[in-house]
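A, B, C and D label the chains in the order they appear, each numbered from 1.
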Amino acid sequence: MASAELTSKQEATPHPALSLLRRLAGRAVAVVTTLLGLLFLTFSMGRLLPADPVLAITGAEVSKEVYDRVYNELGLSQPIWMQFLSYVGKIATGDLGMSATTGQPILTDLMTIFPATIELAIIAMIIGAIIGIPLGVTAAVRRGTIIDHIARIVALAGHSIPIFWTGLMALFIFYAKLKLVGASGRIDVFYEGLVTPMTGFLLIDAAIQQQWDLFQNALGHIILPAAILGYYSVAYISRMSRSFMLEQLSQEYIITARAKGLGTHKVVWRHAFRNIRVQLLTILALTFGGLLEGAVLIETVFGWPGLGQYLTRGLQMNDMNVVMGSVLTIGAVFLTINIVSDFLYRILDPRTR
Amino acid sequence: MLKQLLTTIAITGALMTTQPAWAASPPNMLVIGTNLTGIRTLDPAQNNARTVSELISNLYDNLVQLSPDDLKTLKPMLATQWSVSDDGKIITLTLRDDAVFQSGNKVTAEDAAWSIQRVIKMGQVGSTDVALWGFKPDNVEKLVRAKDEHTLEIELPQSVNTDLVLYSLAGSSIGIVDKKTVLSHEANGDFGGAWLSANSAGSGPFSLAQWRPNDVAIFNAQPKYWGGKPAMARVVARHIPESGNLRLQLEAGDVDVGQYVASGDLDALSTNKDMVIDNVPGLGFYYIALNQKDPDLQKPKVREAFQHAFDWKAISGNIMRHTGFPWQSMIPRGMIGAPEEGAVRYDYDPAKARQLLAEAGYPNGLKKVLNPSGAPTLPFAEALQASARAAGFDLDLVPGEFTPAFRERKFEVLLGNSGARLPDPFAVATQYAFNPDNSDEARLGSYYLWRTGMKVDELNTLIDQSMKERDTQKRTDIFEKMDGIYASMASPLVIFFQRTDPYVMRANVKGYHGHTTWSTRWHDVTKE
Amino acid sequence: MTISTEDADSANAGGFRKWLLAPEPRGWFQSSTQQIHQGWLKFSLHPLGLAGLFIIVLLIVVATAAPLLTSYDPIVQDMAGRLAPPSATHLLGTDNLGRDVFARVIYGARTTLYIIMLVTIIVAPLGLLIGTVSGYFGGIVDEILMRITDIFLSFPGLVLALGFAAALGPGITNAIIAISLTAWPPIARLARAETLSLRKADYIAAVRLQGATSIAIITRHILPMCIPSVIVRVTLNMAGIIITAAGLGFLGLGAQPPWPEWGSMAASGREFMLDSPWVIAAPGIAIALVSLAFNLVGDALRDVLDPRGSE
Amino acid sequence: MTEPLIDVRNLEIAYGGGHMRAVRGVSFTLGQEKLGIVGESGSGKSTVGRGIMKLLPPTAKVSAERMRFRDVDLLKASERTMMTIRGRRIGLILQDPKYSLNPVMRIGEQIAETYRFHHPKVSKAKTYAQALDMLEAVQIRDPERVARLYPHEISGGMGQRVMIAMMLIAEPEVLIADEPTSALDVTVRLEILALLDELVSRRNLGLIFISHDLNLIRNFCDRVLIMYAGRVVEVLEARDLDKARHPYTQGLLASLPTIEDPPARLPILKRDPAWLDDLAAKVLR
């Protein structure tokens, strides 16, 4: 939504190409400054954390000499702004530092874990959209009726019940009692190591390698956390669908469509819905960012080896680089999503093309 | 629109029901649900913690070993026999000739010598135990040497009880690595440390098939293992941090062995006839550490008041039921010098604690910050906080991970637990009572007494003696004396419980024995 | 002019209604009171919004009257009676340390209320200040402040709060500060938008011509006008804040023990969830109810304020 | 006159549970003629038009002694029946093509949709050809190109032609045009009117032309209904407008500026609350 605001400051310039160029330049400046600000936030977060960056590298048992040497090597004796500059420089070269708890470069860690979270969030988003959009549209069409109220309660409940509680309860019911789904991790242990990581997305890798039983197993593992995460996002998706839909339903062209003789279903889905598709895409993109947030909690409950678990563990273990790297990644993804959704809006809506 | 929703639900439902039955773990595979947090490498030289010790012990063989049921008798492993020179200075070990590394290379004395040298030269946490004997990067090459292909000679730089040395060789950090293979992966003089962090090069019954930090470690059986092919073709150690989830998987039979199950779930599992819970005593304690750099806590009466400020009996039967038993001596139960009829030395006595506080000059009580280190100690800390309130202590409970702060002496009151691998009171005594240099610059973070900022010369001398003395009776006397001093001085490390490590096993799992020194081996595990 | 007599009329009994419904309000106070009254009329048509409001009022009552509602001390332990199921003595059972769950939930309401109030106290002024200053001065000031706002907006709230809470150390106040750090940007945006529309108003120009300073204009003329919509916005965001706070508590960054906080109660209760579900269910339901209540009230408010909502 | 196409008697339309009476006791008939409904905004004239097509929001309460379209009792007609009437037998043209066309649907598709809906068995290609023919019929050059455009890419006049095409493609018997030219420039307005005139005559349609523009109505329509505050205050033949008796109509006429004799100041329209009650009865024949 921030992006919409950013682009609304258009000036009337004589030549359209020039104005486009100027707008693009302004956009680029905005993105770069936001990125810098993001870096500054993570940087200050790192400085505030109670963890000692020297000990994170040397290990706890370290002599005074080694400590001082590493202290200087890390540039901790330099003024703070110099430290910030060198931090930015490192990030620019893809150096996010080493993790004190996994012993690997943060970037390497992120490469292996981030696909797990993305995969989870995508499935969750699909589930959220499949439930949320029809729910919101129905609520808008049946505005003020009992259906509207029920839809609202259902949606808001998903957003109000603590996600860790839903997670454990669902595990208890669907895994322990009904044996419908897998429990922990991305796949059953006996399938572990059978698929060669290619994209990092287990479902895709399994599909490419045509290991369908493995695919099914992985699906059985992802479905529960994704469904819970998806349900969590239903509130937002349905609320926005409802409000977009209400706006469209009050438009004149709806009267036109009805005057043509079309029934409610056609009017709603062929006409009104078509007009909110692009808006919804933006909403889904934003939801995706929110799902990364939800993943922080759900991944702990489901032992899902993703970014959320990585971040919370980093926090618990005072692993500063992990915290900074994860927060930065999530922030960067957020930012990218904002830009992409803004871009999609321009591309897909015939009015802005 | 409802139609679409229903279709979706139907499709999802169909997908679910076509799912193959979620079978229990197969008969030739062992699934261990554990917590892999903080394991940054599987290199023996860079580790000394509990979970990782178990993983390493199955990748690498040691020269000698201790069986879980007898921690005093050394048993052969890669070394078939060993002898000590009369002056107690040289240990000579003869290696078996049928052991091979997973690379196919034969295990030689040179590999063994290099493995020990490597640990010392790298100087990581894995060297903690062997470094005690005086090995240093500049002398280890000379002192630990291969005499021929099957004979290893270890010369001690100082007079040390050789049993202690041999115990330390049984520790997971002294797993014997394949020198040739490891050196071929050396980079920047790291002794192959980077490569070994995610690969294995041992002669153990298993090899590392896959390792993803904080997620899963997979082990494949070595069919040509000198001790015979393991019954388990594959062992999987999976990170399941949520205890409730782990418990459900144990009950479902998807996980065979559960570690770090929370006490509430342990209580429930203990009534399940499909489960066996083995509470394995550990070489460490649950303690309250009082920072002696704090002028209030420095006073002996305040330290003594802490002994009476905690109602430990109230939690021993429930919260601590599986994770510890009451024990208030610094010598672990069953070890030489340990009190034989149990070690219950102080009772909860709020009146007495108040009186001691008043005598120390705090008639209105004392306010301190209490840090429980690590989440599992939180309920313990809450119980302490509540009972200490009645005893005049106002403890401000701030949870989190405080090991680094503890190591840097930046705390007031800390609640923690400890562990050690060397099955001799010497190890625990070093941890709890040794501090040769109390200055901040010394950074002796591995000694808890340094962490609390206290130095007792008499204890230092006794510990040194216990290391050198070869006569068991004399050592017993030394430890008894040490324990006496420790008790009477009102130590800044107030011990309440000795730790136990609960292992939950499905009843059909046989031969899995949690090891006190954490070198639990899977070679003999079978499933019925 | 007849203003004085009009006012005198309105002070009379029965005159209040007339004053409230007067077609041409006189003065800012009457007009905004009328607006609120109109809003309330619309709001009262939302049964769910009313239900939400009821729960929030209940929360305040419970928090205030906590000692009257239970005779148990929420922090007193009783190891012998731990994990007791709900009964007449312990309405919602006891927890891991034998504390009365009902008492902890009741007193936990105070913590929640504390969070709500403190966040509001921090976020509303901060957002207002940044938004109005940004909107009033425009230009480079606006550019800089809005860029900062964008940066904060480009983070997911919980993640940012997590990072800051970890950086600041555990404790409920630190958690609230961390949450507040993530909650002000939408408020600032709103205040800025309002200020932009007010800035051009004739009366602001008049005040400026009289020689009022910028500070005076902002604090005396613009700020008060933004307050109602800011309050509404804060209410809308409160559900998210409560969930975030519970999430922080769940991750051990919430209130310090032993003081009851629902999130950390749920966190410590999950170990006993399968056998003693009351330990986690009670705080879990409490969180869900209050968050749902704010969501419902927020939704209703949104409808009331949304011009599309009035057909 | 033969059997009327639309016959409305005593139509009442109210909102908000009867508080807001938008249309009060309106009666009229429509044959194959051009009937104008004129009134100021809020007089209920549009409500009448949409009421006939049952396109009012669900909050509207519609009642009447009679409301028939040919053989169909509109009062009792189900939504399903209405779907066969709307577009197929009665068309509706709205004021501003900017809003009344679906902004994200191509023009051709929007026109074809009406036809396809009422002639589902006709092939896709044929339907599209039909739409192109229709575009040509509303005098759009290069219909193939225009069919591929989106509404925002065409001018208002063209938009209204599209709207007309969309509503006539299924060959209805009645067309309701709700201020079809008010959003257009004066020059375009005349073109559209001419087009409407031609199409209505050629196809023998009944036309209800709703407008606030008395001049326009007087020149375009055969008969005029003058509405005020939800009531019909007078019904006249268009050519007899000068003989209007009702003071409101007279007021309306007087406020029209003429080129020959521009008044110094336009008179303010007089309104009398009494019109709401007594005069209505008189109009009813």
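By our rule, a contact is a pair of C-beta atoms (placed from the backbone, for glycine too) under 8 Å apart; a residue touches a chain by one contact, two chains touch by 3 or more.
Here the structure is a predicted model, which is why all the values come from computation and not from measurement.
Student: So which has more C-beta pairs touching, A-D or A-C?
Tutor: Comparing A-C with A-D, the pair joined by more C-beta contacts is A-C.
Student: Compute per-chain Cα centres, compare each with the mean of all protein Cα atoms, and return the closest chain.
Tutor: The most central chain, going by mean C-alpha position, is A.
Student: Taking each chain's centre as its mean C-alpha position, how far apart are chain A and chain C in Å?
Tutor: Result: the chain centres lie 26 Å from each other.
Student: Distance-wise, how many Å sit between the C-alpha centres of chain B and chain D, to the nearest whole number?
Tutor: 88
Student: Hey, how far is the Cα centre of chain A from the one of chain D, in Å?
Tutor: Centre separation, chain A to chain D: 51 Å.
Student: State, to the nearest whole Å, the distance from the C-alpha centre of chain A to the C-alpha centre of chain B.
Tutor: That gives a centre separation of 38 Å.
Student: Please set out, as single numbers or ranges, the residues of chain C touching at least two other chains.
Tutor: 169, 252, 270, 273-274, 311 - these are the residues of chain C that touch more than one other chain.
Student: Going by the touch rule set out above, which residues of chain A reach two or more other chains?
Tutor: Residue numbers touching two or more other chains: 50, 168, 172, 316.
Student: Could you say which residues in chain D touch two or more other chains, in rising order?
Tutor: Residues of chain D touching two or more partner chains: there are none.
Student: Pull out all the chain pairs that touch, please.
Tutor: A-B, A-C, A-D, B-C
Student: So in the complex, the part of chain B that touches chain C is made up of which residues?
Tutor: For this pair, the touching residues of chain B are 242-244, 247-248, 262-265, 267-268, 311, 314-315, 318-319, 375, 378-379, 381-383, 385-387, 396-400.
Student: Across the complex, what residues on chain B touch chain A?
Tutor: 1-2, 4-5, 8, 12, 15-22, 25-26, 29, 31, 33, 37-41, 124-125, 197, 209-210, 212-216, 218, 236, 238-242, 244-246, 248-249, 251-252, 254, 375, 400-401, 403-405, 407-408, 441, 443, 445-446
Student: So in the complex, which bits of chain C are touching chain A?
Tutor: 47-48, 147-148, 150-160, 162-164, 166-169, 189, 239, 243, 246-247, 250-253, 263, 266-267, 270, 273-274, 280, 284, 287-289, 291-292, 295-296, 299, 306, 308, 311
Student: Which residues of chain D touch chain A in the complex?
Tutor: Per the touch definition, chain D meets chain A at residues 50, 53, 55, 79, 82-88, 91-92, 94-96, 99-105, 113-114, 117-118, 150, 152, 163, 166-167, 170.
Student: Would you tell me which residues of chain A are touching chain B in their complex?
Tutor: Against chain B, the touching part of chain A is residues 50-52, 55, 59-64, 67, 99-104, 109, 112, 130-131, 134-135, 137-138, 168, 171-172, 175-176, 179-185, 188-190, 192-193, 213, 216-217, 219-220, 223, 268-269, 300-303, 305, 309-310, 313, 316-318.
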